[in-house]
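One structure below.
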């Protein structure tokens, strides 16, 4: 598997400086790339690595062009493009297509697809997947192995569902009944837009009465829990182990860091960003970054501070008392 | 799929005000229900929605009867019942039964069930499930798709296990041995009572020597981790992404919020409630609600407060010093 | 299933005090073991249980030998060994082997193994597993049921992968592109050493360009997320629901408690221990225990302290102001 630089710029554009006939055998990080490998520089803070890089060619932005050309190795071969990171993303896609390794359309013989499910002929249903009655799988969508899409759930076009994903299990709904729990059957389904990616073992529950909705372009990492009746707006991205509790609404272009969490029935505006391991306990209606994590420390310090934290309210009262005493003193003649 | 109001009250009781021949085509939330849909009002704080609701009929408690009858739409049609939320739960069950959509008894041909497993003939083992040697599945229990029940584990009657559930993987037990880990084979199993529901991709580990025990009526949401030797008491309910570490004992009628966690070897009394994302680090022997979460804030505020928190113990010392100095001043003549 | 004490010491060593012909029908905790059962005492804090134990025989260290011999039941029968916990671990292994219950080599007929995967003939591929093209499974490695090993991923020898494990799903990599996300194809794979155990539904993502690496002897519990390009050093152990974000490097002999988390691109030195539910937000280059958890409290106290915590930085400023005022007073004549 190899591509020449001329094949690459023919496919992806960019201004090539260097020999177009050079063959690229792989993509690699800037600091470890060797001859025959292509690297990229996006973040200016790694510019030091540029001069020393042994990469056959380097993808850079216009501001780095001079530095790239001055690189001793390979006569400073480089591809100049306005957004090197985006170029790199497209290059990985080109690379994968060229390797001929993509999923093939059709239903793997080991998959269990209900006769009343509707699967687009260009979709790929991998080994040991389950697609239940009334489910719909859109064009060019890929279910890797061991994915379940439950009754009546709809997946749009060009989606990618990784192994172990569960779409449309029952939402967690029970009415209390004399100390026990009476099940609320979950009569809604899940509706997933186009261009959505869902990571391994992630779960999206079906709605209680109406659908749980994942809009176009949303990206979900692994082991995420999406509760019933949730709506996630376009192009939002949630990192691994995050969770959104039932009936929460997340706007467009939001992000949730790893193990970040949104409580039920809350609303997050567009462009709200929740930091890793932080818990949104109230609606966040202004764009911005929100955090709430106890800072890590060596265990002995943490123990002392945590113990004191349990007295914090009383400390504030003591501080107030001192302030009052001080004010009195200052007002004394 | 439709039911008349008279069919509904015939099945579930309640006092119907309005035309029993009216046909209900679906259940819907109070604020969005249209003609032909049935809604309910349980929480008095939503009573404003009642007057405006276009629902064909509304399920209400006795205290709301007058308000329901005064509703302009559909002559104030309503069903009055002591517990509207419980009535609604039962209605969802009736609806699902009437739709004929429940699981069918028997073992799906794609499931792998060991010849030495015992599966009740009324149980339903869905596609691509694995039931290992010595496992027992009780009457009317449903394993949706891709569930694993490992060797010798027992599931009671009327349980519901969602896709991806793993019952009886090895508990996490190792003895340190010269810098490496020596495996402790997990010789116990898992014992699950009746009427237990287990959410998608949730894991319950087998015991080291004795069984991990989940008592009757327990409800577990998705992506939950239950360690070896744990016992969870009757009718406790754990929300998504929560975790109970090895050898912890949770009483009856407890709840754990999403991503809440109980450390190993702890005991929670009956009726203990752990808030979302809170970590029980000590046994909690008194009923009540327990919490421990860093409050979310905009990132700039959080950073300042978190940095100060790392000095909290020293702040307390400084406060004490001030208090002493102040006491001295006050005791001076 | 039973073993005599003489068979046990013949296999595992140790100094037997008591009748070697006694038959052991099971292993049990010290406090509940009955006649016919074997128990062990490792932690001296449980020595009180020793005198009262009804176990047929007790495994103890040299320091407990006298106390064990003085036990009234069964004439103080005991096995003395330098490390009773390690002895117990090996005994569980002996027990399991003797029960004949281990996995059998070979590929279960329901598994889907690509023709271009390489599976050692001594490996065991359980029901409904998926092993993709180019994957390699080492000698004596066991994939329980419903495990996915994706393209080109390598698993070493004597590994144990529990149900639902996903090795080699795509890492979470996207380049922003005009408000949407452009996929970065993940061209690396996953490389797992020897003697690694991986818990149920745990996910290890493939690298972006190079491999995600799990070194020899690592133990991962259930529902863990390992991001792309991560490296975990030898004999490190991570408890359930923990997560390691992309490109983090964890040294050898580290531990991460349940739901502990390491942010991306960080480095943990050898012998770093992260407490349960704590988030490593910076590299930790010194061995030791690190923690960061808001201490749990009854909800009313927590609410007060959490509210005050949001003002902590201002409290510190007020404290400073008081200190200054106090200093001024003290410096006054």
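Labels for the chains are A, B and C, by order of writing; each one numbers its residues from 1.
Note that a contact is a pair of C-beta atoms (placed from the backbone, for glycine too) under 8 Å apart; a residue touches a chain by one contact, two chains touch by 3 or more.
On a predicted model such as this, the values are computed, not experimentally measured, just so you know.
Common neighbours of subunit B and subunit C, listed by label, are A. Shared numbers divided by all numbers used gives the overlap of an interface; between subunit A and subunit C this overlap falls below half, so the copies present different residues. Look at where the CA atoms of subunit A average out and do the same for subunit C: the two points lie 26 Å apart. With centres taken as mean Cα positions, subunit B sits 26 Å from subunit A. Multi-chain contact residues of subunit C (touching two or more other chains): 110, 128, 146, 164, 201, 223, 241, 259, 293-295, 297, 307, 309, 311-312, 315, 319, 322, 326, 329.
For subunit C in complex with subunit A, the touching residues are 110, 112, 128, 130, 132, 146, 148, 150-151, 164, 166, 169-170, 172-177, 179-187, 201, 203, 205, 208-210, 223, 225, 227, 241, 243, 245, 259, 261, 263, 274-275, 278-282, 284, 288-295, 297, 301, 304-305, 307-309, 311-312, 315, 318-319, 322, 325-326, 329.
Residues of subunit B touching subunit A in their complex: 26-29, 32, 83, 85-86, 88-90, 92-93, 95-96, 101, 108, 110, 126-128, 144-146, 160, 162-164, 195, 197, 199-201, 217, 219, 221-223, 235, 237, 239-241, 253, 258-259, 276-277, 293-299, 302-303, 306-307, 309-313, 315-316, 319, 322-323, 326, 329-330.
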